[in-house]
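A, B, C and D label the chains in the order they appear, each numbered from 1.
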Amino acid sequence: MTEPILCTPDETFVLNLGPQHPATHGVLRVKLTMDGEYIVEAEPVLGYIHRMHEKMAENGTFAQFMPNTPRMDYLSALSFNQGYCMAVERAAGIEVPERAEYIRTITVELNRISSHLLWWGAFLLDLGGFTPLLYAFDDREKILDLLEHVTGSRLTYCYYRFGGVYNDIDDEFTTGTREFIKRLRSRMPSLYHDLVTGNIILIKRLRDIGHISPEVCRKYGATGPVLRGSGIEYDVRKNEPYSIYPELDFDIPHYPEGDSMARYMVRMDEIEQSLRIIEQCLDKLPGGPVQAKVPKTLKPPAGDCYAAVEAAKGTFSCRLICDGDKKPYRLKLRSPCFSNLSLFGEIAEGMLLADALAVMGSLDLVIPEIDR
Amino acid sequence: MDTSIWRPILYLIGVMAFAGVNAAWLGWCERKGAGHIQRRIGPKEVGPFGLLQPLADGIKLMTKQLLVPQGVDGILFRVAPVLAMIPAITSMVAIPFSATVHARPIELSVLLIFALASIGMMAILLGGWASNNKYSLISAARSVSQNVAYEIPMLVTVITIVMLSGSMNLEEIALQQQGGFWNWYIFPIAGQSIAQAVIMPISFLIFFTCSVAETNRAPFDMAEAESELVAGHMTEYGSMGFGLFMMGEYLNIVVGACLTAVLFFGGWDSPLPFIPSGVLWFVLKIYLLIFIFIWIRWTYPRTQIYKLLNLSWKILIPFSLAILLLTAVFIKIEGILI
Amino acid sequence: MSIIRETKWALLELFPEQKATEAEAEVAAWNKILADARAKAEAEAAAKAKAAAKAAEKAGEKTEAGEKAPEEALPPESPPAEETAEAEEEPVPEMDPEGDPPVSIEPEGQRSPGILVRDYRARGVHLDVLCSPDQVVETAQLLTDAGFFLESVTGVDWIKEEQMEVDYDFTRTDGPLCRVVVRVRLPRSAPEIPTVSDICPGANWHERETHDFFGIKFIGHPYLVPILLPEDADYHPLLKDFTP
Amino acid sequence: MNEYWRDILYGTKSLFIGLKVTGPEFFKPVITEQYPHFVPVMKERFRGHIELTRNEETGGSNCVVCGMCQRACPSSCITVEGEKPEGSKKKVLTKYILDFTKCSLCGSCVESCNFNAIQFSKEYNLASTNKSDYIFDLVKRLEEKR
């Protein structure tokens, strides 16, 4: 392999990648110090879409912050919805009915698949393959239709409520979901794996590129597929079971290689696992109410609590501090990509520009979620 | 040879029209092709099937201001797009469309086309350098190394063909392949030894790969590399400057397809002897090849510059040299045997 | 041994006072448990002695086991958790040496530095550590060495108490779950705290963010410039008295 | 060396497989919705901007001007005003302004309403170059609908 020959600082130049660049998926800016095509130093510059969600939370009631959560990670909005709901439910001691938990799991897993599908398409777009994006969108469209049917919106779902969900699901949704599972399973081998996963160009571009060791992950607090791509079997759904996940049978895909290909494979396998989870939930779906009795104005007792969920990109957690008022005293939102991106500076050193962009794509960044 | 003044003028008009129409409508073909591969329609609003879309695009590009950013090398910046077009059009002169439709029979037409193709690369180099943009500069550097790497295997495979045909005249090469598809150099069952027939498809693959790389098409679009270099050498270009680059790219594809058709698919020869040969066959072949170009572009992800160079230096060049050697041996053996 | 208990005792190194009292309490609890167990065994033995000779034999064994334990529980200096773990194999109802430590009682009023064991179901964390600013680096080091990673850093503005709080959330990726929150209280007028970014590089951005939002200075931080706010921002929006 | 040959063989094969996957797709029917020519029907639960529910009996609105929606709205884009006519116990709605520029379509208002007075519309073709077009007077809209 070619080893980068790093030269003296006065021979380098600074390349501003972004805030508007086709590969940064939004308004991320990476200040690259380059030596020819090699990166000497990479410094992500954030904050271009910072909206101060945490202050907004302090200014409204608990329920009023709800519509903000999907706006952070608009690709797996329901995970964020769930994380916030869980924090408030924990603080206020609300029990969620079983059926609501099942519905939450089904929808959140559908959302995870749609997020991974979009990532897959966008990642291939980073690598210069345009067609897979459209194939992924074809399948994703089915999920969006299903979720629109129950939640009423297509992207920034605000579907969960403290103590349940907004609306019950119906037969049309369950049959539609089953059809979708069948359809995606039939499409996965050819359109996804034959076309892309097995492609020699993709393999050559991803294998042994962007190696992230488990130590680096731990140092920077990386979670989600990035961590699992480094061989650590950590998933909040298994390690810190919430909702009905302990009752479900699913695996945590993890690959020890730690390169971009491992992260790619983790996500592809996760789609399959999510399908399994949805299938089990649909089989087990109990009856009953979907919303617990919750006072209209919520006033959790003073104190703080913590809740973490596995979003599509990693651990999303909320630290909620209440002072007995109807507004949160402080809400800290720990978004996964913020930590996942923070290791980029370290791994990008000495990498080719093209590889660095591939690695950045493999981290699956959603900028509004980083900037919050 | 007909020395009437009308012949050059007619051919000039003919070649220009062919080049112009192709340069404009291949964009439409590409968009339609991409659309259908991706299960969508592609352009459809302007004219029937969106056929007038290139016209609309052209009008739009022409009415825009040709912006020359501050700090660029003014002359080179303006020359580069023109340089992208000229060699491609000029190459058309040497291409035999059929036994009769031929602008100018040139003895060394193969050499001429390759010489012109190298000038085409200069356009990217100049455009990238003159733009005073870091992305463009990287693109320029990439395109040079890429073109150097891929011209070698391409020329070596062409030498194989030249050895088989004994001529560097494209017309002569095409004439040698007349009389049915088994005479074509892609799969020359007749006329050559069987062993030759086995290695020629590999030779074709090498040549085709190289022509994809030479024309800067995906998956080898290192120079443009949208998701890395924004638009590479075209980043700073707007209006017709950009338009000319695009047209140059499509014309290069046409030239590449023409060359492939002549070298490997018997030029204007019909696949079966009882069907009359003619210019239509040639056009059909080049459009089929262009469709493959489009098909490839919308199937694969982009390679990375070092992988690309590895492919050339470690795989294509050794293989093409081996084929060249084998061909020489086969020809010699045949000579001894007969 | 339970990871929570292990971590708790590891962290108690930082709080010698609490460690001493906890150790005492632990020993006392253990002595009580053992005494109970012995009493129970004796009672059983007595009850069973009336019955067949076989039963009497079994009761004798139990008494033996009971007698062995108090000797080991005696020296209070050594970490009681370890010693108690070895001490008894009999199931103990109140305090399980293999299990999680009991939930601490919420202290009244201002909390003094130390470790509280929290009810995970209600709070989402297992251990709640309050330490002084100069202990935070040591704490982070201890936790990192124990296999924890830093999940997030955040601040809280307690304007009524004229204090600022910095929270560090630690968790681990392997084995059983244990979430630790480390809190540090700082005076609101001059919030300064040493950085932990050289121990956990991931803290770098989190600390920058906290500095953005609260104006808390992380001493020794390599690059404390605004990360989410504009680079020329001189305001701290999450302060409770912030007006735009 | 072994890897070298495997790469070449496997690589060539995988490239042809790729072409084999995309090739047939070229001839399959398109799946995209030709939007302006074919207008999709919105789902039953689609959350458009809100509108006032028409009371079948009175033909007016169900709203009692309790102001719950106004309070529930996270972005305070609802302004409700009402007055008490002489001799009536109930308030009557006079003004219901929705500032759609701020609305995030969360549906908190509809949820908070105890009188079934507001519902989601199915409108989604909302585009304008003028900001004031998005200040909806829902009372007027209700009357227009009638």
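Annotations
We adopt the following convention: a residue touches a chain if its C-beta (ideal position, glycine included) is under 8 Å from a C-beta of that chain, and two chains touch if they have at least 3 such contacts.
Since the model is a prediction, treat every value here as computed from it, not as a measurement.
A count of contacting C-beta pairs for B-D and for A-D identifies A-D as the more extensively joined pair.
One simple way to say how far apart two chains are is to compare their mean CA positions; for chain C and chain D this gives 48 Å. A straight line joining the Cα centres of chain B and chain C is 70 Å long. For the pair chain A and chain D, the distance between C-alpha centroids works out to 24 Å. Counting only residues that touch two or more partner chains, chain A has 131, 135, 138, 195, 199, 201. Residue positions of chain D with contacts to 2 or more other chains are 12, 15, 18, 21-22, 25, 31.
Residue positions of chain C touching 2 or more other chains: none. Applying the touch criterion to all chain pairs gives A-B, A-C, A-D, B-D. Within the complex formed with chain C, the chain A residues making contact are 46-47, 50, 52, 54-55, 58, 87, 90, 93, 218-223, 227, 232, 234, 239-240, 303-308, 315, 317, 319, 321, 329-330, 332, 334, 338-339, 342-343, 346, 371-372. Taken together, the chain B residues at the contact with chain A in this complex read 34, 37-40, 134-135, 138, 141-142, 218-219, 221, 225-228, 230, 298-307. Residue ranges of chain D in contact with chain A, taken from their complex: 7, 10-12, 14-15, 17-18, 20-22, 25, 31, 43-47, 72-74, 104-108, 111-112, 120. Residues 2, 13, 15, 21-23, 34, 36-37, 124-131, 134-135, 138, 195-196, 199, 201-202, 204-205, 352-355, 357-358 of chain A are the ones touching chain B in the complex. Chain contact summary for the complex, chain D toward chain B: residues 4, 8, 12, 15, 18-19, 21-23, 25-32, 34.
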